[in-house]
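Okay, so chain A shows up in both of these, paired with chain B first and chain C after.
Right after this comes the complex of A and B.
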């Protein structure tokens, strides 16, 4: 079934992705995202085996890694790819005002 | 504090786990190093990289779940929490939204002698994000913290006062520190607390509007910020002011909470199972192995110390000093005077460690040497003053106590005959004081005793000498 997203839904998704969209783009995405959703919905047609839920396309269990250190990157290499940097830090435009901070 | 409204409080705590490496990569888990020096392509979220789960994280999480009396989930997975923010270049944080490793637990706090259970809703594993610092219109990123393993512990909204919140956090910190799950340093961010509080008039009313206070820097500030928030919301409710769910933070300069943001609606993180990490199965063997590594916990230690006649106040102090408590615990199967042992550890030895800014493990004190010292003190072969004199040698040299005593020239004068001879000499040379004593001046005996100590350079058993001196004076 063909789906069309509402204007609000498109704007909400754009807001979450931190991107600006023009009015004409909104119209375009209402259809395009709707089509994507319909495509993905086809997955519901797949039968589940043994009623067991899969979270990955295989059934093996996770192999745990030993807690021992490996090689790390040189800090210079790390920041080399960053468009903006200050000392050893990667610099980005300020996201929130100075007296705020985001935690996990 | 006002009593017009009842507060309902819930606490979320993030604790960094004490592992060598990160949760999903083998780069080092470390603090205070040069920015961006502890990373690899996984931590930086490079395309095509895959997470590999650290077995130590699971072990520590099982230990934590066990001491928090949680049930442990046997089949679990991770989920992606999607959001766009520079602290996480993958644009999702790997966490456990659906199958937290621990659930339905509790921590018991002591509220004026009464026990109260603070119920734990769930405890899940997740990765830390990079540390962002905001300064002069820019945000600076340090990925050393990205991928550091965390557990998040969420209580049920069952805390009824700021004091209870403080007691809960103290207890939680003690438990996680003692089990070596985390070093729990709030000042370094290895333990971080968020609190939420809502007010209502009666227990039967629905819960009021929830306000979250984020990133509070110390346990005492958790209590203080909740008290301030209780006060602030009370004023608003009394004035019939409406407020929305919001996130605030505690400003310790203003000594009050300040608004960070009005809360976004939930459900925006579009969680879904992390397909790169298949199911994790927690086996009986894993649980047993983790449990074996849990040492005697603080409450049990206090109980044991009190049974060994150590006063409660000192038992508490010992538990606050993990290293001293561990050291004393290594003697529990030995026949020593624990009161003397405790006094030495909390007294002269602690004073030395504080002054020298050293750990006990950085001294030359061994279990055997300590037992020898305790025995010498409890048999009164050496006085507490002697201990002060020889302590440096005890803690800084490899010599045995016997060798140190003989080197220091301490004569262990404890036989009556020798002491009496000294007393006779002192009495002969201080006839005036003897007369004063006879005339009822009590101070005179202290002077005479002082002379005895001086003559023997403090190496006489003072209790014994005093008794003998009294007998002698009465016989004159």
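Right after this comes the complex of A and C.
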């Protein structure tokens, strides 16, 4: 079964993935994503399965670790790894613009 | 150049103990070898200064274990404190971790010496290491061929005799497949046997770190070091760590071995099947019982893998946002723009494609249609394996369907890299241990490998069969295991 994505669908998944797709790339992605999604459509050919199961790759009982003192990452080093810093803080660009904050 | 690194680990250990050589001799030799083989492009970052420093520090220490002072290469998606770790991606091109992965702590504790970080597919997404931002490694058997992937650099540096030990990671075959293409031994341990803390996650329910070496004995020695429970990885098992060398040297008479018919179907090349048949004859001759079995769902494994791996990857790679670490877009117009521009510039084509497909597969109702269904069928695959292991000790088959192909082969089919792993993926789906053992070469002199699969936590028994065959099969003039 060949799956075809519309241009809008490609732009939607690109947005979900926070990846930019230029006008010139849309067609290429329509084809490539369509190919991969056609592959995964084959899952609908599989019969005799029960999809109400809850499964995890891990079957051992999980235990909480002991509540004890341990070493943690050095906050200074953590901050220093950030591309933008302001003193002891990690800096980010404007999250809500002035217009948005006024409810525009 | 000295040739200590061509000796067995036991011989080297004796030389160190008797002060005939020092760790620095091994480090210098390793770097000389890597330098001579630089066109193989096996490394992204060399750790020369620190390795030399550590080797000199070790001169005052007692040789307290068999791996003491031995150089080791680490795949570049395993974080190393103070040593650049890129996952072969532009987005982490200048990233220096501030902590060590648990496996790195363990190899440091055993006084092994990290020699450098090996080349790989970007974020381990690929099967030829050609998606690396730093260019593809080359196969030492034929430099115009791919190394396989994603742990291509680790496989190459072992095959080229640069070092005796390397770490790789395996999500769908990324240890076993390059091991097969480069003619070395690579083990993907049981899911949960080795801590994943500090491995840059690709598909968390499938990822596993494992040893890559020239021979079976060395492989078991390295697993001895890296295996074990870790509070920092809740999926790591509390099951006790065995001595994985303990069964090496024992006979395999009476062992029951199953070969799934799918593993010897038309998808596998004729010469690989022939080499496997030779092994089967040998096993029978030595008293093993070999049967062909039918297993359901194996042919669906690649589809399940595509859904699970791309879905989990899209979630795992959401952390690369240009804010906390890694490269970041210089002049963003607001935060959304920062995310989008950083990621679009930072990720390569293959990674972007997989994240987008993964986002689609997990979005809204699709999660139920695809991901949940894939998990359910994945459970069925596990049950199929379980059934076989009620009657058999091992499952064997080829590791790959072909030998290593040309570096210049087209990369335009997005399904190709998944199909390269068609025989290794089922093992990850079921969380089982699997090992590649070289069993011969093709007409064009490229290595052929077989896969030995065991039930969960039977690594010691896998090494037993692998070491037995290693001794019997004349690969590369034969390898000694001790």
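In this text, the second predicted complex is superposed on the first by the 68 of 104 C-alpha atoms of A that agree within 3 Å, B and C clash if a C-alpha of one lies under 4 Å from a C-alpha of the other, contacts with A are read in each partner's own complex, and residues count from 1 in each chain.
To be clear about the criterion, a contact is a pair of C-beta atoms (placed from the backbone, for glycine too) under 8 Å apart; a residue touches a chain by one contact, two chains touch by 3 or more.
A quick note: this is a predicted structure, and the numbers were derived from the prediction, not measured.
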item	value
First, second, both or neither for A:89, with chain B first and chain C second	first
First, second, both or neither for A:69, with chain B first and chain C second	first
Touching partner for A:32 - first (chain B), second (chain C), both, neither	second
First, second, both or neither for A:78, with chain B first and chain C second	both
Touched partner set for A:18, first chain B, second chain C, both or neither	both
Chain B versus chain C as contact partner of A:60, first or second or both or neither	both
Doubly contacted residues of chain A, that is, touched by chain B and again by chain C	16-18, 55-58, 60, 62-63, 65-66, 73, 78, 84, 90, 92-95, 97
Residues of chain A that touch chain B when the two form their complex	16-18, 55-73, 75, 78-79, 84, 86-104
Parts of chain B lying in touch with chain A, wherever the complex brings them together	14, 19-21, 25-28, 34-41, 44, 52-58, 77, 82-87, 93, 126-129, 132-135, 137-143, 150, 152, 192, 194, 214-215, 249, 251, 258, 260-261, 268, 270, 273-281
Chain A residues within the chain C interface of the complex	9-10, 13-14, 16-20, 29, 32-33, 35-37, 39-40, 42-43, 46, 49-51, 53, 55-58, 60, 62-63, 65-66, 73-74, 77-78, 81-84, 90, 92-95, 97
Of all residues in chain C, those that touch chain A in their complex	95-96, 98-99, 191-192, 205-206, 231, 234-235, 237-239, 297, 300, 302-304, 306-307, 310, 314, 318, 321-328, 332-341, 343-344, 347, 352-353, 355-361, 363, 370, 372-380, 413-415, 418, 431
